[in-house]
Amino acid sequence: LAIITLTTDFGLQDHFVGTLKGVILGIAPGTAIVDISHAVPAFDIVDGALTVASAYKYFPDGSVHVVVVDPGVGSARRPLVARIGTHYFVGPDNGVLTAIGGGEMRHLTSREYFLPGVSKTFHARDIFAPVAAHLAKGVDMPALGPEISDCVRLEIPKAKLDGSVWRGVVLKVDRFGNVITNIGPQDVPALFHSHGAAFQMVLGGREINKIFSSYSSGAAGEVFAIAGSMGYLEVAANQGSAAEILNVGKGDEFTLTLPERPPRKVIRV
Amino acid sequence: LAIITLTTDFGLQDHFVGTLKGVILGIAPGTAIVDISHAVPAFDIVDGALTVASAYKYFPDGSVHVVVVDPGVGSARRPLVARIGTHYFVGPDNGVLTAIGGGEMRHLTSREYFLPGVSKTFHARDIFAPVAAHLAKGVDMPALGPEISDCVRLEIPKAKLDGSVWRGVVLKVDRFGNVITNIGPQDVPALFHSHGAAFQMVLGGREINKIFSSYSSGAAGEVFAIAGSMGYLEVAANQGSAAEILNVGKGDEFTLTLPERPPRKVIRV
Amino acid sequence: LAIITLTTDFGLQDHFVGTLKGVILGIAPGTAIVDISHAVPAFDIVDGALTVASAYKYFPDGSVHVVVVDPGVGSARRPLVARIGTHYFVGPDNGVLTAIGGGEMRHLTSREYFLPGVSKTFHARDIFAPVAAHLAKGVDMPALGPEISDCVRLEIPKAKLDGSVWRGVVLKVDRFGNVITNIGPQDVPALFHSHGAAFQMVLGGREINKIFSSYSSGAAGEVFAIAGSMGYLEVAANQGSAAEILNVGKGDEFTLTLPERPPRKVIRV
């Protein structure tokens, strides 16, 4: 029971996504096709990687993930397939796959797995969807093209420790107005443990120094930190939009400072 | 051939909905997963109930409906499963299930049907989706937890008869600008019969006294009542937005008066 | 492994699309249901036809396409089924099917393939979805109703040659801001060949005279023509919105002139 997921910047207003699904079902009937999101901002490679990275591990081993944020479609940029852990990914060689994780990468060169008459305008339809469908049907990665090691590398921007101050950026704002930062458990483990930690964060000109464990914590209008479901520290507000309260958005910078003395008690709910 | 539907306030721009589907397909491969809507306004429990209530009866018996509008995620509010008629529902104990209808309610306590390591931030992923998948695979309701009778009760707001005047509110405005009221067939049966009835409705400062049976009735810009597909009286305009014409929206109040004398002839198309 | 696609102007915020899928799965369990788009502008018959026309050929033979843009729902307009090539289409008799292409057309009259108690407000649920499900299950077209030849005819507006000048209109603007014109390969074959052609187009008060073969061509802010994936000449900009740059939208007019002398060399990437 094969699964193919789709993550793109195509939106849902045009025929694009439907067309991809037609191609897949033509090659691999019975495949379960799942939309991760098609609302990646146009051409935003990092956001596309971030979106699929948050979801793919919840799919069964062997799932195939099509990730198409492809400003270079039709140019010389290569089409790729990657195996990251137990999952397969297909997408353009612009960093969107390497930002998800490391693994075996191959250049898609076997045209028998493409649609005939590949266009220069719609590789998702002509290359990525058909290759994903063939993978879902059991074609082995090596048949798709040669392994490569020189693909474009991109990373989700990492927070940096500058003396005793973490400097980070807002990765995105989600549908609820939660502000997703780029502080992860590898950066400040204490903030992701169940015991929390003392900290001082400055974002949007405002100090945040409370961390709660659920979105339903905090008073009305109160902004607090929380270890979110995307694997990053978030800034949230109970039934409110932290992004609106703080007037911040993607790319905005923040600082986060931890006390040098042993942590004091923090409020947990 | 199991079916799971999803109704949430998650939107489609993030990874949330895709993640739920991965969880379901990991537990119950081959399940047909259907989105009812993910555009429920954030935290709007009544709207979530209203949305799934309009759709679920069109699904086969035994379908499982995940309904997650959950401002209290991570708090002490309980996760529930309900059997309403021949359908199963899973969602939080905040009234979103009781507003759909009455039936057997159970507190989800059997953690073996949850994902391991339940978070406090994403119960749809960690509890509701996996439980729905196990239900779809045939797990019996009693195995999921004890029956309860003290769950939070919520109802779609009902219109009230005040002397000879019905006082109601706008439940929502649909994509076409049709204004869905909370007058149902149990309130004013005559308006839902094929013969119509005389009435006078005041909404947005305007009097409405015509009822038609199809949206394609009425002159350009004319606003009229119609028995809509959500089971409520609606106010509509032929190829126009009644909500814009009347400048009304969700929560706005209206009155509806029926004549005390026998009904006069009304225009029907 | 039956496939049913859906193209509507229903949007995704209400219960409508979920309800259709429930009806289909109740009649034809196991059918793969694919959304082409539900963001057709309300009541825009031509846009609905254009959307499904761009996608349907990528689906396997025998797929059933539900196309519901139906301002006349509940009126005397007939419900139809069409066979266009190897595909089936169901939708209202308002031109939305004839704009896709020609073929056998039948009036849906066999009420045993409808839901019981057809409403006047939601024929997609009561007629089109159930008929599509029965078609997907193998019911033959003749069983659905009599063949007709007097259905409403509508065409995607065609560009017209006026002396030596093509006069056309913008059919739509896609999610990326690409401007889809109504110049097709049958109009100006040279623009769709791999060698391109010299031309002068005037759109939004600006002259466009370059044609590239990929969206990633051109300098920043440069607007150029391209043979797009919908089968029409488009106007695009590299990682920018041509529609915004030119301040044009659907329905705007343009002219396109070809040189009378033999084509000079054009830039191709």
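Side notes on the structure shown:
As written, the chain order gives the labels A, B and C, with residue 1 at the start of each chain.
Simple rule for what comes next: a contact is a pair of C-beta atoms (placed from the backbone, for glycine too) under 8 Å apart; a residue touches a chain by one contact, two chains touch by 3 or more.
Just so you know, these numbers come straight off a predicted model, no measurement behind them.
Taking only C-alpha atoms, you rotate subunit B by 120 degrees to land it on subunit C; that is to the nearest 5.
Interface residue usage between subunit A and subunit B, two copies of one sequence, is largely distinct: under half of the residue numbers at the contact are used by both copies.
Note on chain placement: the centre of subunit A and the centre of subunit B lie 32 Å apart, centres being C-alpha means. Counting only residues that touch two or more partner chains, subunit A has 12.
Listed in rising order, the residues of subunit C touching subunit A in the complex are 1, 3, 5, 7, 12, 32, 34-39, 51-52, 54-56, 58-60, 63, 174-176, 213-217, 226-230, 238-239, 269.
If you check the complex, the residues on subunit A that touch subunit C are 10-19, 21-23, 25-26, 29-30, 33, 42-43, 71-75, 119-122, 125.
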